[in-house]
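Residue numbering begins at 1 within each chain, and the chains themselves are lettered A, B, C and D in the order written.
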Amino acid sequence: MSEPVTDVTEQNFLEVRGLHAGYGQARVLQGLDFSVARGEVCAVLGPNGAGKTTTLRALCGMIRGRGSVTLNGRELLGRSPEQAARLGVAHVPEGRGTFNDLTVEENLRIGAHLRTGSGWRGRARRAVVAADLERIYGYFPRLRQRSRQAAGSLSGGEQQMLAIGRALMPRPALLLLDEPSLGLAPLVTRELFEIVRAVNEEERTTVVVVEQNAQLALDIAHRAHVLEAGRLVLSGPAARIREDGQVAEVYLGVSVRSRKAG
Amino acid sequence: MNHMRKTTALRAAAAVTAALLTATACNSRRGQDTQDTAAGGACKGQQTTGITDRTIKLGGIYPLSGPASAYGTISKGVAAYFKYVNDNGGMDGRKVQFIVRDDGYQPPKAVEEARRLVEQDKVFAVFQTLGTPSTAAVWDYLNKQKVPQPFVATGASVWGTDTKHPWTTGWQPNYVAEARVYAKYLKDAKPKARVAVLYQNDDFGKDLLGGFEKAVAGSGVKVVAEQSYEVTDPSVSAQMASLARSKADVLLDVTTPKFGSQALAADARNTGWNPLHIVNNVASSAAVLKPVGFKNVQGVVSATYFKDPADPQWANDPEMKAYMNTMHKYAPDTDPANQFNAYGWAVASSLHKALDAMKCPTREGLRDAVRNLKDVKVGLLLPGVTLSTGPGDAFPIETMQLMRFKGERWQLFGKPVDTRKEFGPLTK
Amino acid sequence: MSAVTDLLQQAVEGLGSGAVYASLALALVLIHRFTGIINFAQGELAMLSTYVAWQLMASGMPFWLALPVTLAVSFAGGMLVERIVIRPVRGAPELTVVIVTVGLFIFVNALAGLIWSFTVKDFPQPFPDGGLDLAGVRVDWSTLGILGVVAVVMGLLYLLFQHTSAGLVMRAVACNPASARLSGIRVGRVLMLGWALAATVGALSGVLVAPVLFLEPNMMGGVLIYAFAAATLGGFDSPVGAVVGGLFVGVAETLTGAYVHVVGEDLKVGVPFVIILAVLLVRPQGLFGRAAVERV
Amino acid sequence: MSTITAALGTDRARRRRAALTALLAAAVAGCVPFYFAPFQVFQLTMVLLYAVALAGLNLLVGFGGQISLGHGAFFAAGAYAAAVMLDRYDTGHLATLPVAAAGCFLLGLAFGVPALRLRGLYLALVTLAFAVFLPPLLKRLEPVTGGAMGLTVDKLQPPAWSGLAEDQWTYFVVLGVTATALLLARNLLRSRVGRALRALRDNESAAEVMGVRLSLHKTLAFAWSAMFAGVAGCLYTWVIGFVSPDSFSSVLSITLLAGLVIGGLASLYGPLLGAAFVMYVPSVSQDLSEAAPGVVFGLLIIAVMFVAPTGLAGLPGRVLGAVASRLPRTTAAPATAAPDRTPEAGPAPSTPSTPADPAVADTEPVGAPPRTERE
């Protein structure tokens, strides 16, 4: 990765300013401001429909937005997903987005596409990819056992692991996780979050995680932002938000209940 | 607000309805009552729609798009002829206006275009419709409207034998007549022939096959194998392999151009079976034989009635020269050697003769003229082939001449075969 | 000639037709793998490529030079078609894209007629005349040639997809374009490459079959239906399936047409489809298609 | 502005507006044959009858999510049923309609059963096969169908009391049948069958969980759809008075599907617009280029799909949407714009009915429709 264009502090590694985004006439985000420090795990919380997923989609270029989003000083808005990926944004979409017809190892190799695509050839490239594979298998030993299996035949938890593993292959600067716990058993979810914490600690990868299960997210996050109806209503260190009973009641409790109802 | 809106809307609706009703009452553009008729004389009361002393308006429906577009080029030969005539003073002083419409070889489209030509463009005659389905779809309408439909571009025998459609006539030798020519040839030259038939599974193929079977009935010539193909089939190689098993000594090849080429090539490839190959007129153009390779089609037999523009023996024929020059002038991007263009020219000049023979310059006049042709000579038809019709005979051409391919061209042999004389008139 | 030899001879004819179907089915399968649509214009694009080859040869180029030039032109043409005709409707419902290919079909067919007329063109046979005589069964060199080329193309495609990283990227795009983009793959370029490859394979198909079917604008129209059948039978995803499907369809329809008189040549077109229906009812994903293995 | 929208949203107002529209449409439709030339009336008649076929196809493709490339065959079956009855048994024209409808309904039912096992692409190709197979079969059944020459039968004749010309009478009869058919289609969609169909299209497994009897409704959808095509075919025979096997080639089936997609899937007006396209655009193409109408026709199809990827029926909505999204926000947030489904709920499940938004169009993942042809 080349040098940053402008001088940025570590605190504003990812900086979101006045972000508007939506789907056609449906305006979901109504001017969002927040920033994430380098190496931080940041949880984005809020009730259903608050705009959490939309935020991630705008960050990675899946939908267009107005305002400004910079990563390490480079503007992300207006870029396509593939360009954002080349700038170090790795998005694990809701519903996992694995390549189901490909084997587990092929999925991971696709993740290495960015590292190998840029002029590396032959043995050097193979060595780097092999090392990266080892790295990922280190985090997710279960994937090593299933490396020759088609991704579509994995369990939900394994698919989520694969999706995260693939996203980590090119050593991204920013990892975006959208509802990683969706449809998974609590134990599996716990295991996943522990791995994310480990990755964050070992590789200093900045992580933004959108999660309905606030307790879980707050356990691994350093900071948290709470959204409601497309606006930021609360920000702060994760620990404080976790302990603030009112917040849990008003914003997070609602989401838990509504989820059960739905 | 809601109430206000309701009343306004109601008023608006009422106003629009009233306006529309008034419009319908006063402003009828239907125009079906504007039938032109001749003012006086012997032709009094006859239709003069589309014809004046200075002009005559004709409309043709051809497949310019779709699966049969190969025949669409006939319209270019027709149009070229009319331009040529207009350059030389027109037909009896009348300039021809020729409107071409596309039916994509779809009968409902043909009906639509026929109605457009008759009701909107107000043509004098629908000249021509192409293909049996399209022609059959419009002939009831045209006969009911009393619009002449002379010289349709299809050889189905029904155009000449039907008695309920006096306004419709054929032109080219009908497929039964053509079959009779081959039958007579085989009865004379190979009286014990065992014949394999490859035919297109439509009116054309079935008419020709049926006519052939009838014509050889009771003789030593026997049909021992028949295979059909659909126009939508990619190739006829499987059919040819099946026919080869019959070991017949004659192959009657009733195909359209592309399949003709395929069949000739398949016959040439199969060195274990060498029947006498008779290819029907539609697929007899040099343009069909050339891609197969002239060395592979030596001795192939066919029959024809008009001069092949690709045949050098007609190069100095005055009509052929006029045809070539006009095509170069008015249709430079069209290949004049394509026999369909020449067909168009020949049929258009046939119509010219019929128009010249009209007693009254009316639709009725044309109807009667095309059914009363007596040995009319047309420049692009073979010597010995003339147009003859009668009250009960709407087949202008029933004479063909056999030809054999030799070297790089067809060679006519024998005398022109008049199937009327040989087999008697064709009936239903 | 014995009945067995007859049967074998018909089967050989069937293989010849089947090879023709298979060659176009390969191109159809390629497009489907990448985009999930059926490309109605595939046959017409192949026909257009064949005219390019014809035009080159008509202006004096030898066949073996005209062929690579044609393939290159088709490759570029395929990319252009994707960029100009298909890209604008990306993201629209799939049926919209399919109808765009129907429009392209009509356009290309009419365009070829406009430029080269509907007269049959002669196209040189790259393979020698004549053939082998195997115990009374005649196999034309051209049939063998087409079969051989189809087998080689099938093999190359298999290698490309299964054993190269470019192939891996292509499969990823075909499988899940959204995730592919998120992984940094330039999906637009890969799709262009997919159309380019399909157009090249189609061009090869056109050049191979033109000497047998004879070149005119409707040359591939009839082949397309059978190629659809072949691809469907093979599962629409696998090059091997397309070829096996093509040969099977060719042999089945030829033998039924020749030997089952109730069916006959006129109704033989129904035969491959009855087989397909039967196969699909048992294996909805086709003979070589992958079963859906996702867990819900 | 928003008050008006809200007022119109009320049930009574909507019903009143619908009644007014219907009245107006009826008035216009009733006046047409007295105003236009006979051949233009004929063209309109053809538009109406194609619209019936497209409305049937719409039930299957637009609302049921199953693709059929074989509706030309059902159309042909209806046309031949009518023609054979008129030709051999000399029944009146009206008697042929119920027979054609019932016959095609049963035929569709028979097809609907194997169609249950087939998805997207595979169903499309098997139905296409049926369309390819039918013409040679009709030729084979020569004693009944008249073989390759086809059958010429009497057209619909106006009764003396009506005082109408043939084209006017035919127009009114076809108009009546078409109106009935379109209303029937609309009511079918509002009934339990329709709701079940839409649920099936949007999410098959969810619908199954909800207790929708999947196989029954899918089969019925096919049968209804075939019945509409058969009715259209019957009308065709009345209007054209001639049927032949080659009139009903696979091109007809492909044209029908193209017409439907161009008109607009899952829309009530789509079939009418699509039928008008199929009827008029070939003539327009020819006026633009006599040398090669196909070149223009092909380009026009592509152009329409570029401009209106969800069909002509969705075009006004798209234009309005595009205009609205460019206006300042205060005026551009009509009450109807509120999404009934939050984006968090995942990708739009019913893309055929929701116009693909231009802004999302190039970001495949969100706006992309479910890949019907996969799995």
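Operating definition for what follows: contacts are C-beta pairs under 8 Å (C-beta built on N, C-alpha and C of every residue); 3 or more make two chains touch, one makes a residue touch a chain.
Worth saying up front: this structure is predicted, and the values here are computed from it rather than measured.
Shared contact partners of chain B and chain D, listed by label: C. Chain centres computed from CA atoms place A at the largest separation from chain C.
Between the chain pairs A-C and A-D, more C-beta pairs are in contact across A-C.
Centre-to-centre spacing of chain A and chain D amounts to 45 Å, using the average Cα coordinate of each chain. If you average the Cα atoms of chain C and of chain D, the two centres end up 31 Å apart.
Computed centre separation for the pair chain B/chain C is 36 angstrom, with centres defined by C-alpha atoms. Residue positions 65, 67, 69, 201, 230, 232 of chain B are each in touch with at least two other chains. Listed for chain A are residues 62, 80-81, 93, each touching two or more other chains.
Residue positions of chain D touching 2 or more other chains: 132, 136, 139, 250, 291-294, 297, 360, 363, 365.
Listed by label, the pairs of touching chains are A-C, A-D, B-C, B-D, C-D.
Those residues of chain C lying in contact with chain D across their complex are 32, 36-38, 40, 85, 88-96, 98-100, 102-111, 113-114, 177-179, 181-182, 187, 225, 228-229, 232, 236, 266-267, 269-270, 272-273, 276-277, 280-281, 284, 286, 292, 294, 296.
By the touch criterion given at the top, residues 61, 67, 114, 117-119, 121-122, 124-126, 128-130, 132-133, 136-137, 139-140, 205, 250, 254, 257-258, 261-262, 265, 291-295, 297-302, 305-306, 309-310, 351-352, 356, 360-365, 367-369, 371-375 of chain D touch chain C in their complex.
The residues of chain B lying in touch with chain D in their complex are 1-2, 5-6, 9-10, 13, 16-17, 20-21, 23-24, 27-32, 64-67, 69, 100-102, 104-109, 111-112, 115-116, 118-120, 132-133, 136-137, 140, 156, 158, 201-203, 205-206, 230-232. The touching residues of chain A, counted against chain C in their complex, run 60, 62, 80-82, 85-86, 90-91, 93, 97-102, 106, 109-111, 113-114, 116-117, 150, 152-156, 166-167, 170. Residue ranges on chain D touching chain A, taken from their complex, read 321, 324-325, 329, 332-333, 337-339, 342-344, 346, 357-360, 363, 365-366.
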